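Remarks on the structure that follows.
For clarity, chains are labelled A, B, C and D in written order, and residue numbers in each chain start from 1.
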Amino acid sequence: MKTLPMINNISKPKFNLASREHQGEDTIINVKGVKIGGDHMTIIAGPCAIENEYQMITTAKAVKAAGATMLRGGAYKPRTSPYSFQGLEEEGLKLLKQAGDITNLPTVSEVISTETFDIVEAYVDILQIGTRNMQNFPLLKRAGQSKKPILLKRGMAATIEELLMAAEYIMSEGNHQVILCERGIRTFETYTRNTLDLSAVLAVRKLSHLPIIVDPSHATGQHDMIEPLSKASIITGAHGLMIEVHYQPEIALCDGPQSLKTDDFHHLMRELFFLHDHHLQLKRQIRD
Amino acid sequence: MKTLPMINNISKPKFNLASREHQGEDTIINVKGVKIGGDHMTIIAGPCAIENEYQMITTAKAVKAAGATMLRGGAYKPRTSPYSFQGLEEEGLKLLKQAGDITNLPTVSEVISTETFDIVEAYVDILQIGTRNMQNFPLLKRAGQSKKPILLKRGMAATIEELLMAAEYIMSEGNHQVILCERGIRTFETYTRNTLDLSAVLAVRKLSHLPIIVDPSHATGQHDMIEPLSKASIITGAHGLMIEVHYQPEIALCDGPQSLKTDDFHHLMRELFFLHDHHLQLKRQIRD
Amino acid sequence: MKTLPMINNISKPKFNLASREHQGEDTIINVKGVKIGGDHMTIIAGPCAIENEYQMITTAKAVKAAGATMLRGGAYKPRTSPYSFQGLEEEGLKLLKQAGDITNLPTVSEVISTETFDIVEAYVDILQIGTRNMQNFPLLKRAGQSKKPILLKRGMAATIEELLMAAEYIMSEGNHQVILCERGIRTFETYTRNTLDLSAVLAVRKLSHLPIIVDPSHATGQHDMIEPLSKASIITGAHGLMIEVHYQPEIALCDGPQSLKTDDFHHLMRELFFLHDHHLQLKRQIRD
Amino acid sequence: MKTLPMINNISKPKFNLASREHQGEDTIINVKGVKIGGDHMTIIAGPCAIENEYQMITTAKAVKAAGATMLRGGAYKPRTSPYSFQGLEEEGLKLLKQAGDITNLPTVSEVISTETFDIVEAYVDILQIGTRNMQNFPLLKRAGQSKKPILLKRGMAATIEELLMAAEYIMSEGNHQVILCERGIRTFETYTRNTLDLSAVLAVRKLSHLPIIVDPSHATGQHDMIEPLSKASIITGAHGLMIEVHYQPEIALCDGPQSLKTDDFHHLMRELFFLHDHHLQLKRQIRD
């Protein structure tokens, strides 16, 4: 009787620092008083791309009022086409910082190269490494030398194991403040932009002590799927969410169809607080 | 400037009877007083395979006590290997019927051929068409001639559109009592058995009036993922769940590693009732 | 250091009768004097669907003249939509038989249910089980009781191992005349209808003694890819090809865009004979 | 009747400079007298990673003797684990240059960051951008400012269109010397490391004037699949191949199981010359 070996697994990678075996307790990261991981729920919201002062400040105030705990905004945009809007770069970072100062929210923005790492690091509180760079190893190593937390998104065709190996790259350079992010994987399905893999949240919580959040905006590409999948993520055990919000999605320069309006975000936040409280109560009952 | 056409979509299929355009109101199916669809939550539970009287009755009583609204059990098992246990066939159906009678629960069992359709139809209340038969068109047509509801599972590599086209096959033969079931799709990820696609639930609710439930057991293949993903499914808007429960998973003849213990199922049910109530309250608030 | 187990492989299936360990020598199947397997090259050609006498006979004569060794034509068509042309059924089988008799070519046609197995078996020389039925186990078992060879196509999301397990189903019932067929798998790529997996041909030749052919028509869905991929298949070691040919693809009722014109098929055949001869010469050199 | 739109295609990217519409004639790149593209066959061979002088020089001489037209060797290695061998870096580049000088073969090596671009550019004749960096846009832009040709590998989950968009990034910065490389895509199949997509070669030749070669080593991960798939690639119309060759694969520091022995490579080269000649003859017959 014959069983096939899995040839593509001959040389399986291994992770150590990121594993539960290495550290049993959940990692909790503190950014200007906002805690990520463990029993804390982190909601990162803001526009896909920073477009101008009015857009950034208006959206920032709205998400703050709704209860978001961090502010996002893209200044360096990785775009499939060289002819698409590539972001405001340093000008955008300044606007994000300004919006963060006004609202007293820590900020998150994507860094897409080692060359621009210093400048992004200077302006923001958490540096995001995007899905296309999950295996950009020089960038991971540079992130490992930073003193600031890194938000590492799963590659669109990366296994859970490869995601944890990418975290290991950052940690092996000395930076243990890594937040993972499930953002949908590429499958044969064409109705949604990607396929959200919520079981990855459970797998990461079992295998690793690192916090993991979910990005429902990129996972689906559809604004009307964000609310239900955000709630599903929190109930599943995600440590938080990253959600694209725009004060007027119809005029967004980037990803308008998957952006939430500020009113809808406000409504969603109330739900998330309720579900997260319920989730924690239940967890405590089980512990006792 | 050049944009590629999608060659694999040249002859796009179309669905009509299954569409929201055709029928705006949710379809609600009534099986011996148990309602499926709309605001009702249907929980189908029971063993993967029916093994013997003790196992079937014990498990049936336990899931009934916990609050399940329907009873499942496999009598004809589609197995990858011809040398694996293929099910008790009619003997199994008798045990399922007996268990259904004792617990007063409607029953669901899989039918794998037109030849055995009549016999399964005679014993059970809902006939399941499994993932490997989602495009077994003669079987779909036979199901379309039945007076009993059909539980149609998504093919492991079927698009949402193909799932709805398969429902259309059944409906076009006259049987409009179709319940859809998301059970995970095949992706590159090897950590879970399949990848649960919760966005499919949202897509189906938008595109169709048919009820859609979720099978978290086959989606993940891991018993400790069932509770969180069941809750996530209900919060996302699924009309119910199908869950494999065994009174003693360690000795199950089939799918033991993904079966829930009866105690864990009991605990889960309380949570599901709570979340479903919350979901409905919220829906009513929005309506008002 | 941690390496993830592959949960989705816990209960790996096993094949025996289909394995090289069980039988070292290539299986060679003889259908009315036409040999399939080993050093023989089998070219099965004909229309996707049988439409009428003129179309069937005209195409049959043309593919015979070009050097095809078998004739194909669909009488029972598995279609994604219930509203698409479903085939001429028995009427089509009669036309196929007539065309086979005129051209003295053995015939191949798809069987889609156990109920219609007998009738297809009565008219054709080889029965095809299509991609959507690769795990239709009752159909596989019925095929295993036939005296005629079975052409088994790989499921669109089936692993190589599952393909061999499906062959094992047929063989375990007593029919060892199984011809496998790689026809493209479903991936994220949308430019082609499927993605042709030529490494599957190599894997099957290593793991099994059964012949394996390639269907480039369904693999790509594009007529201008058929010639190069047919040649590539023969050079890779496939035992033959199944190609959709239509005397006038523009008016085909099914799969016109992926059908070859008879002239182009004629040109292709000359190339295939040359490459196959070359392939054999080389093999003999290595043996000596 | 309802047909689903493809949501994940809302904002389709576009390519221009890379398109056949923009330039009808095949691009032919000249590197130290070796031509790539059009009717030329380019065979790039050498070790996965440069390990030491003896290994590099021995392998270089062997592949030269066999007929390779270019020499490859990795000095900066992108590895899934931070604990795996990461390459000899500049020391490796010196050995590669030395081996190129001795054998009079142009050299190819991977560049993995903008920071190390200058140093790789100084030593090698063609710079490779690997599968994990296909959408590393800062790296693509830097490559676009180079005077040397760029070998751009397809991302493991990149569509054909995204590959051409990545080439467009390089070209839009001024460097029109881009060679594309199909190296297998990630699918559900676990028997091979990736799934080689030969239809991508045909698609690229139709859509673009840029040369495209195939890497069968990474596509399959299995040394015994390299010969047949190399031949299949040339017959399909690929402009060449990149093959991992090691003088002693058993002791390779990286990718030993998918490396060809020098003897086997020698044998393969004779076959490739024969098939390429045949391919060209045929092409000329069709033209005349």
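Note that a residue touches a chain if its C-beta (ideal position, glycine included) is under 8 Å from a C-beta of that chain, and two chains touch if they have at least 3 such contacts.
These numbers were taken from a predicted model, which means no experiment stands behind them.
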- prompt: Which chains are in contact with both chain A and chain B?
  reply: C, D
- prompt: Greatest Cα-centroid separation from chain C: which chain?
  reply: A
Statement: Higher number of C-beta pairs in contact (B-D or C-D) found for C-D
Message: Using Cα averages as centroids, what's the distance between chain C and chain D in whole Å?
response: 32
Message: Roughly how far is chain B from chain D, centre to centre by C-alpha average, rounded to an integer in Å?
response: 46
Query: chain C: which residues touch two or more other chains?
result: 4, 6, 9, 13-15, 157, 160-161, 186-188, 190-192, 222
Query: Mapping chain-to-chain touches, which pattern fits: line, ring, star, complete or other?
result: complete
- request: Name, in rising order, each residue of chain D that touches chain B in their complex.
  value: 1-4, 6, 9, 12-16, 19, 21, 157, 160-161, 186-188, 190, 207
Field: chain B partner contacts - residues on chain C that touch it in the complex
entry: 4, 6-10, 13-15, 78-84, 112-116, 132-133, 135-139, 141, 155-157, 162, 165, 168-169, 172-173, 186, 190-194, 221-222, 257
Query: What does chain C use to touch chain D in their complex?
result: 6, 157, 159-161, 185, 187-192, 195-200, 202-203, 206, 219-220, 222, 224-225, 228-229, 231-233, 235-237, 271, 274-275, 278, 282
